[in-house]
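These notes concern the structure reproduced below.
Lettered A, B, C and D in written order, each chain numbered from 1.
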Amino acid sequence: MDFQLTDDQRALRAGVRELLAGRFPRERLREAVDRARVVDRGLWRELGAAGFFSLRMPEDAGGAGLGTAEAVLVFEEAGRVLLPGPLVATHLAAGHVEGAAEGEAVVAVAEPGVGGTAMVEYLAQADALLVGTEEGVRLRVLAADAADVADAASAAAQWAVRPVRSVDPLTPLHRVAVGEAGALGPTGGGPIAGVLGLPVGRFRREATLLTAAEQCGSAARTVEMAVEYAGVRHQFGQAIGTFQAVKHLCADMLVRAEMGRTAVYAAAVTGDPQEAAAAKLLADEAAVRNARDCLQVFGGMGFTWEADVHLHLKRAWVRVERFMGAREAEEALAAGLS
Amino acid sequence: MDLDCSEEEEAFRAGLRAWLGEVLPKLPPPPDPSDWPGRRAYDCAWQRMLYDAGYAGLHWPADAGGRGATPTQHLIFLEETERAGAPYVGANFVGLLHAGPTIAAEGTEEQRRRWLPPILRGEEVWCQGFSEPEAGSDLAALRTAAVRDGDAYVVTGSKIWTSHAEVADWCELLVRTDPRAPRHRGISWLAMRMDAPGVTVRPLRTVAGSEEFAEVFLDEVRVPVAHRVGEENDGWRVTMVTLSFERGTAFVGEVVACRRTLGHIAAAARANGRWHDPVLRRRLGRLAAEFSVLWRLTQWNVSEAQRSGPGAVPGPGGSVFKLRYSHARQELYEAAAEVLGGGALDADEEWTNARLSSLSYTIAAGTSQIQKNIVAERILGLPKGP
Amino acid sequence: MDFQLTDDQRALRAGVRELLAGRFPRERLREAVDRARVVDRGLWRELGAAGFFSLRMPEDAGGAGLGTAEAVLVFEEAGRVLLPGPLVATHLAAGHVEGAAEGEAVVAVAEPGVGGTAMVEYLAQADALLVGTEEGVRLRVLAADAADVADAASAAAQWAVRPVRSVDPLTPLHRVAVGEAGALGPTGGGPIAGVLGLPVGRFRREATLLTAAEQCGSAARTVEMAVEYAGVRHQFGQAIGTFQAVKHLCADMLVRAEMGRTAVYAAAVTGDPQEAAAAKLLADEAAVRNARDCLQVFGGMGFTWEADVHLHLKRAWVRVERFMGAREAEEALAAGLS
Amino acid sequence: MDLDCSEEEEAFRAGLRAWLGEVLPKLPPPPDPSDWPGRRAYDCAWQRMLYDAGYAGLHWPADAGGRGATPTQHLIFLEETERAGAPYVGANFVGLLHAGPTIAAEGTEEQRRRWLPPILRGEEVWCQGFSEPEAGSDLAALRTAAVRDGDAYVVTGSKIWTSHAEVADWCELLVRTDPRAPRHRGISWLAMRMDAPGVTVRPLRTVAGSEEFAEVFLDEVRVPVAHRVGEENDGWRVTMVTLSFERGTAFVGEVVACRRTLGHIAAAARANGRWHDPVLRRRLGRLAAEFSVLWRLTQWNVSEAQRSGPGAVPGPGGSVFKLRYSHARQELYEAAAEVLGGGALDADEEWTNARLSSLSYTIAAGTSQIQKNIVAERILGLPKGP
């Protein structure tokens, strides 16, 4: 047993952090927010070239032949810097949807939501859309390379698709109304472009875990932001970080971030579905609550658009709704108790 | 202990209700939130209607042009206007609820004559220049400097979190007039015209994406000495005098509104099926208890104020209310988000915006951390930190 | 509207506090704990003589003619000093069960619990037992003046009754197994000594509220205890009450106690069942969490038998199980949302 | 990152399992918890069995008579013994896990020869005299005084929270040898015989009603200078050296036990119908996540210790674990109480006692408040308070 990062894993993490610092520094984040440039095709290709999407593909297929443990490290880094785009879907589609591995294709994914509707991320920007069905065990590529996936999806499946103003400025959303609750997408008919060679259970588990990894990156980043601000902001003649109330907020944040990270790493190593559920549960909580506590530490400054805190909170909210929610996770974990 | 209204109070309520029933249907549609001049005009027209009907400055003392109503009457006024869906105080907030009462309590006869009637009639709008980027929770750290030059102060600095700055005529301003005095001593209270040379207003975008607040930059703005209320360097006391003026009524409308919103959230949950989830249902039941009791606590605090009269030291009720309400309001919109599910990510959902705005409640007007210090030290008597 | 204590109510509260300070001072509490003297007949009569039980009976029936608002003030004081005995049941039985008003009779009450069993307080000490049935709208006195209510109840109703070692040293408990879940006690047969002239709904509401009042008294007392200790206990060269972490624990305690108290007073004034549910919910939380926070402030000393903190916590646990629990209260409140 | 055991580790596990399967069925029934001599005898007999089988002092260095096992082997040992229901370390806790390692690290050759073998063989029992009534969280405030008199110290004072004091042969004692030195400087570490004249033990009753701890009163107890470990006035450092000795393994058995208990709680809920309540069910699911991750965090911390070797500065994992585990344990037994309903009031219910005992977890060995200070200052680097 050696449940610590290997040297290679540390190097990978450092490399990805450096890459993202160069390609997606804070100025670029704020620029993307201001100009609503949600998927930057150039950046997408750069990510592809850097192996972001093909990471786990076999080396003979052009990938890096790495595993889930490495993938979560990479997605953690993406979460830290709020890297936009349908990273999880495109990563999971690599090797299954043409162009995904190279960052040539942008791939979105639809999953069931409440009341027969689903929020689908990046639908209008996507080249391909993955649709999970409850009955099937496969994922279907509905409209690969369609010029306008949103229109195509709508027309083909007779879905009611409408864009919504997303709470997160970097995650555009469409609300998709589904005919039957729980069964997303057409069960028959419509132009099915292909079938993904990936069992739906594994797809969901990996998507859940990679999303949790992003949450952990964000949670770790907001701890750093809070600690840094608490060290420089002065009130009552001293740095606010000298006050126990602020100290304890920060300590609680660290605990959440570390628990979430441990859960994600463990689930990545074991591949256990229960551990993936635990990881999503704890990572969601860490990302959301840390962002809120960070905002509290920032005080009024945290309530401004100019601070990045709200971007972390809003993205965390988006990810909470993605794949496995608290109810599903807790019920799955309870079912595993004997 | 009595929660029923007296005959006189019921008569007041009935009269108000009748009037509201008559005038509200005739109101024009409210302006777009981004239309500041339209909002000012709308709010001021409503204030003029209140004035003509005798409801302006309800809780102001009679000698300041108000009606000298009891805290209970003020509570009834706020409750009934909220229930009826009447316009909010809006642009007249600072004038009616802070600057005006401060002038009424501490101003000279001439200052009262000059400034109070236009506030009551909805003719002049005030904004507040207290907080600064480096003086938030620690308001007494403010650094905006006022240097005496003949019959005027020359004011330089910046203020933040100012509402309605774009359309205000006046700003109640806290400035440092003696930089060498102890923090709380060298502060003065000035009334500054917002169209004075050197005043620049820059809208401040919040996490909700809206621009309800502004920063106000002051570059050698001349403010006549005659526009100082209270003595020079006595501005801290002058300001604090009015802070207890609300006497428990500050959040009446909000609590009434939250209870209504909770009902709507429950209805939405019933409509979309989430109601069948006992975890959510119990969460909403818990919130029903919370807001029911916050409403009773409001009545408790108002009753206390009514008994003790103006100027009395308030009990713990106000701090208890503030701490608990700010948290409950956040919880309310978290529950709303759970009902909405993915729909909570839609920024055009009213509850999504309210969820974001609610984040300021544990920060503004004293963070929850500061409030707990106050409770522990002033109410419970624990020793101050080292 | 004047939602504040009247002068008479303040005087009543002061009088009860004085009475209890004289008759049941801390030494007597500790003596009762050490000797397991759970119902002191002498004290019971003194309480009766002071009008504790007959408070709300009409003056021409020997009562004080006061209302629920006054009763909650009195029960709050009882909760403060951890006064033992079936106070609620005996108070509600006054005027209905002979001797209850005067403190000559000790009256216990049984209500349904989980899995067809109920915990009944003071069964072996009681002269009479009130039994609520689900179908009926009345309360039945099963065995007034029986020498051994526990045995009588057991024999008469064929209940399985067995004493348990109670977690609270001053609240003896019997576990009573009930034939059908939800229906406590025999629906027919057995010696029914009488029928209480009190609708069961009102009985339950009042019992809930008086229990909540006791919880509030305990919650307020533990705030005082924590504050007092934080002022005298020194660590790291200063009173622990100077530390923000301790300050904020105490502030949170005060907020809970005041919310609970407000809820109880309001429910007492309005008689509204929803407000009674809210009162029990908030008072239970205040009593339990305040006792736990008080123990945390006391640190190791709070973990000793000699400190009173644990007595507050244990009694609070007992009262949480009595009448309306969180699930019932929250569901009732949710049902009231329109 | 790797959670699988190596071949060598698996072989160790298999050997241990085989031995446990052989010896455990032959153990006599455990003594009554109130029978202190019986408990000592039972615990010491078990220790002797471990010794004879080569498992005594597994994680002690080889030159101290231990097996110099890796942290992972130690984790496997604790996991397997807990899973198999083997006896706890019990009366040998202080000797094996604190006093012994301290002597091993800081004692003279003679001291090591004198004290270590009887600990490993289960022949001598140690207790700990660190905390005092006025020195809890602030251990360095201890006041028990040791005055040099020839070749002995004369010790007077009192200690609290001492386990197994009634049956211990030795006490590792922190005393103040220089009252004028700065708090952490004037402390020394002594080994005191519990049968020395002047030692009085008084059982201390806890909220759970049991007497697991004692107060120890010291009235001019003579302790030979030769029984001091480390230099005079260097006792603080001597003690702290061993505090990181556990290297992440301190709660291995407890976490394994908690996970088993959670399963039993779920089974009880299924049996009595509470399982149908989604609020409770989800609460249990949440706890399953919590303890699953706490188990992984244990493995993380042990792996870190294994990599970095003895004496390295541990990462944040230990503090994170302590803060989260103490809370999770309390939550576990709150959930148990919810399952039991009224049955949770029965003091003979195992979970009711555990619920009470769990209250000490956020207090003992550094309150959660102190732990958070440590995390904030030492790990996050926030400035120390004024």
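The rule we apply is simple: a contact is a pair of C-beta atoms (placed from the backbone, for glycine too) under 8 Å apart; a residue touches a chain by one contact, two chains touch by 3 or more.
Predicted model, so just to flag it, every value in this text is computed and none were measured.
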| item | value |
| --- | --- |
| Far-end chain from subunit B, centres as C-alpha averages | D |
| Pair joined by more contacting C-beta pairs (B-C or C-D) | B-C |
| Gap in Å, rounded to a whole number, between the CA centres of subunit D and subunit A | 41 |
| Subunit A and subunit C, separation of their C-alpha mean positions in angstrom | 51 |
| Residues within subunit A bordering two or more other chains | 243-246, 248, 327 |
| Junction residues of subunit B, two or more chains touched | 277-279, 282, 369, 372-373, 385-386 |
| Residue ranges of subunit B in contact with subunit A within the complex | 131, 133-134, 136-138, 141, 160-161, 204-207, 209, 272-274, 277, 279, 337, 340-348, 352, 356, 359-360, 362-364, 367-369, 372-373 |
| Residues of subunit A touching subunit C in the complex | 243-245, 248 |
| Subunit D to subunit A touching residues, read off their complex | 1-6, 9, 72, 75, 262-263, 266-267, 278, 281-286, 288-290, 292-293, 296-297, 299-300, 302-304, 306-307, 316-317, 320, 323-324, 369, 371-373, 375-377, 379-386 |
| Subunit B-facing residues of subunit C, complex | 1-6, 9, 69, 223, 227, 230-231, 238-239, 241-244, 246-248, 250-252, 254-255, 258-259, 262-263, 265-266, 268-270, 274-275, 277-279, 281-282, 326-327, 329-338 |
| Residue numbers on subunit C that touch subunit D, as the complex places them | 113-115, 117-119, 164-168, 171, 173, 175, 234-237, 243, 245-246, 292, 295-296, 299-306, 309-310, 313, 317-318, 321, 327 |
